[in-house]
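In the two assemblies presented below, chain A is common to both, partnered first by chain B and then by chain C.
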Partner chain A sequence: MTEIVGFCVAAVVLVGASLAVVLTPNLFHAVLWLAAALVATGGIFLLLDSPFLFAVQLLLYAGGVVTIVVFAIMLTERLVGASIRQTSRFVFSGAVLAAAVFAAIMGFVLQGGAVARPIAGGDQLRELGRALAGPFGVPLQLLGVLLVIALLGALYFARAED
Partner chain B sequence: MPLAAYLVLAALVFVIGLFGVLTRRNAVGILLGIELMLNAVNINLVAFARFRADLAGLVFTLFTIAITVAEVAVGLAIVIVIFRVRRTIEADHLDLLRG
Partner chain C sequence: MTLPPLAYHALVGFVVLNVVIGMVTYVTLLERKFAARMQSRIGPYYVGPHGLLQPIADAIKLMIKEDVVPTAADRWVYNLAPIVFLVPCVLIFATLPFAPGLGVADLNIGVLFFLAVSSLEIVGLFMGGWGSNNKYALLSAMRAVNQIISYDLPFVFAALVPVVLAGSLQMSVIVEAQRGLWFGAYPVIGWLSFIAFLVATLAAENRVPFDILEAESELVAGFRVEYSGMKFALIQLGEYAHMIGTSFLGALLFLGGWLGPGSDYVLIGAFWFLLKAMLVFLVITWVRWSFVRIRVDQILAISWKLLLPASLVLLLAAAFWVAVRGGHGA
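On to the complex of A and B.
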């Protein structure tokens, strides 16, 4: 019962905030709505018995990504000297295409049968740590390399002109 | 809640993000749409991990979250550079590479 109520609340907030992200004309407001959508996604993770991912979602996404985007907007707006209005184009064809993709995905979802939800078992965090240190060890290291390269690249792009 | 409920929710968020990517003129707005799409993928991964009792979905979600952060950092750095050079971040005006 709690799960149904929680899912409905999180789903309404998530879909509403997502619509606001793509429809609001004020770019800054769009970022704030994105933060709301990301927190609602964290709520979905909680409903799926993944409290660790909820924490990661809040720290990295709702904390990190939103902060970076806000900084970028403030920098560009400051350079322009006016608040950036953002407009949309091709609204009708965009909506038609999005609806078509949604219908196609629904076709796949409806083909699948019902899956029983297994009982949550064991210490998920411990298992996750073992998986990251064992079978997923090499990808994890590569991820660290990717992050360093990406941040160095971003630093190189955004450096002051000399 | 059944698995299908989570999948439908993720599909909704995905197509909303797709709509944003297709219709926004502003490069930052397009990036926000991409964020929504990646977010929907994460919901799918976690839902499948939970319903199939397979930890790999959670590990993949961690990876996609970290990659997304890197992608946003590089994307916004590019936006700022483009803005410095062209004084605009309207995607329609950025046709430098068009032959």
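On to the complex of A and C.
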């Protein structure tokens, strides 16, 4: 029962905040709504018995990504003086596309039928650590390489013009 | 009599919340008295015996002050900011065990929860800085974002060294793992990571010498310059709650938490823990009143060129040492 109520609250906040992100013209408000949406996503992870993902979601997305986006907005908008408004020119076609994607996903979900939630045994965190260091070790390393490449790319773009 | 779990957690949460607020009020007095002594002053003295009622007088004063909202403020953002700022600062106490079995929730991701929630504090901070529509507040929020991007990583890495040494993110397990030797006394790795943790703490809490975001000679009071009355009080409350919470974390990760003579009794354990946390807090205060503020570029250089590589190396060294020593028997 508490789970259903919790899910409803998280879902309403998530959908509402996500809509606000794309519809509000004020860029700074959009970021704040994004932060709310990311926290609500974390809440859904929590309801799914995954406190680890919840914490990572807060640490990396709500704390990290939002901070960096705010940094970019502050640098451009108020300090440089250029006022940037969010202009959503294709709201209608975007809504149609979103509805189509939603219908498709719902179709798959409904076709698949209900699946019982796997019962997690033992210390989930320990299992996760083992999986990341064992069978998923190589993908993890590759992700690290990808991030380093992205960093190098950012450095390339940010280099002083000569 | 046993309460149902939800009611129990709610009750403990309520008690912890009130204790935290009470502590915050009196920690300000502790800081003022300590600072005064360092400067050969007496400090607050006239309200109550030896100034003991000063924090209560301050609180009442703040509550009855007029609440001024700037006309040009972004009203919703401005009004919500103190609450968004305060909530994470209080939530960090949720996973702290104050003594064996005494705490709101001893999660198995305790340390991670602490780090994750305290990283949300910045949202309230830049909401205040932006919403005030004041250039000093905005500059302060800019600097805060800058500083937090730089110091979050060393802070997390330094806090992860005890986690690696203990082999768990659960706070009570980390404390029990220090029964033989506190992690702060662990040869070389422990010493250095405790120092790294303290420096990163100073920066994460925006204390002198890293307090460029409220540098009073240039930015007045930083992001909270437009706040008055109760909203100002909420921001102060959040700031001190964060500082005390981090002091508790430091005492727990590096100084053995509640361990000490007679710590098998809950109250004695809680007393030791409080004592150690206050010790960390006083070290932070001592630094605050002893050093001068450093420049923005120096702050960034310290983080990126020294603290971040050092804490990374420490984390790797801890992991290597644990691997050599033979893991955690799991």
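Throughout what follows, the second predicted complex is superposed on the first by the 151 of 162 C-alpha atoms of A that agree within 3 Å, B and C clash if a C-alpha of one lies under 4 Å from a C-alpha of the other, contacts with A are read in each partner's own complex, and residues count from 1 in each chain.
Keep this in mind: a contact is a pair of C-beta atoms (placed from the backbone, for glycine too) under 8 Å apart; a residue touches a chain by one contact, two chains touch by 3 or more.
Note that the coordinates shown come from a computational prediction; the quantities given were computed from them, not determined experimentally.
After superposition onto chain A, the partners chain B and chain C occupy separate space and fit alongside each other.
Look at A:M74: by the touch rule set out above, it reaches chain C but stays clear of chain B. When the two structures are aligned on the shared chain, A:G64 is found in touch with chain B and with chain C.
Shared-chain residue A:A11: touches chain B; no touch with chain C.
After overlaying the two complexes on the shared chain, residue contacts for A:A35 are found with chain C alone; chain B is out of touch.
Contacts of A:L46 after superposition: neither chain B nor chain C is touched. Residue contacts after overlaying the shared chain place A:R117 against chain B, while chain C stays out of touching range.
By the touch criterion defined above, A:V56 lies against chain B and chain C together after alignment on the C-alpha atoms of chain A. With both complexes superposed, B is the one of chain B and chain C in contact with more chain A residues.
Chain B and chain C never share a C-alpha pair closer than 13 Å once the two structures are laid over each other. Overlaid on A, the two complexes show chain B and chain C touching the same residues of chain A, namely 52, 56-57, 64, 68, 71, 75, 79. By the touch criterion given at the top, residues 1-9, 11-20, 22-26, 28-29, 31-33, 35-36, 39, 42-43, 46-47, 49-53, 55-56, 58-59, 61-63, 65-74, 76-81, 83-84, 87, 89, 92 of chain B touch chain A in their complex. Of all residues in chain A, only 3-4, 7, 11, 14-15, 18-19, 21-22, 27, 30-31, 34, 37-38, 41, 44-45, 47-50, 52-53, 56-57, 60-61, 64-65, 68-69, 71-73, 75-76, 79-80, 84, 86-91, 93-95, 97-99, 101-102, 105-106, 109-110, 112, 114-118, 120-121, 124, 127-128, 131-132, 136, 139, 143, 146-147, 150-151, 153-155, 157-158, 161 touch chain B in the complex they form. Against chain C, in their complex, chain A makes its touches with residues 28-29, 32, 35, 39, 51-52, 54-59, 62-64, 66-68, 70-71, 74-75, 78-79, 123, 125-126. Note for the complex: chain C touches chain A at residues 74, 77, 107-109, 112-113, 115-117, 119-120, 122-123, 126-127, 130, 138, 141-142, 145-146, 148-149, 152, 156, 169, 330.
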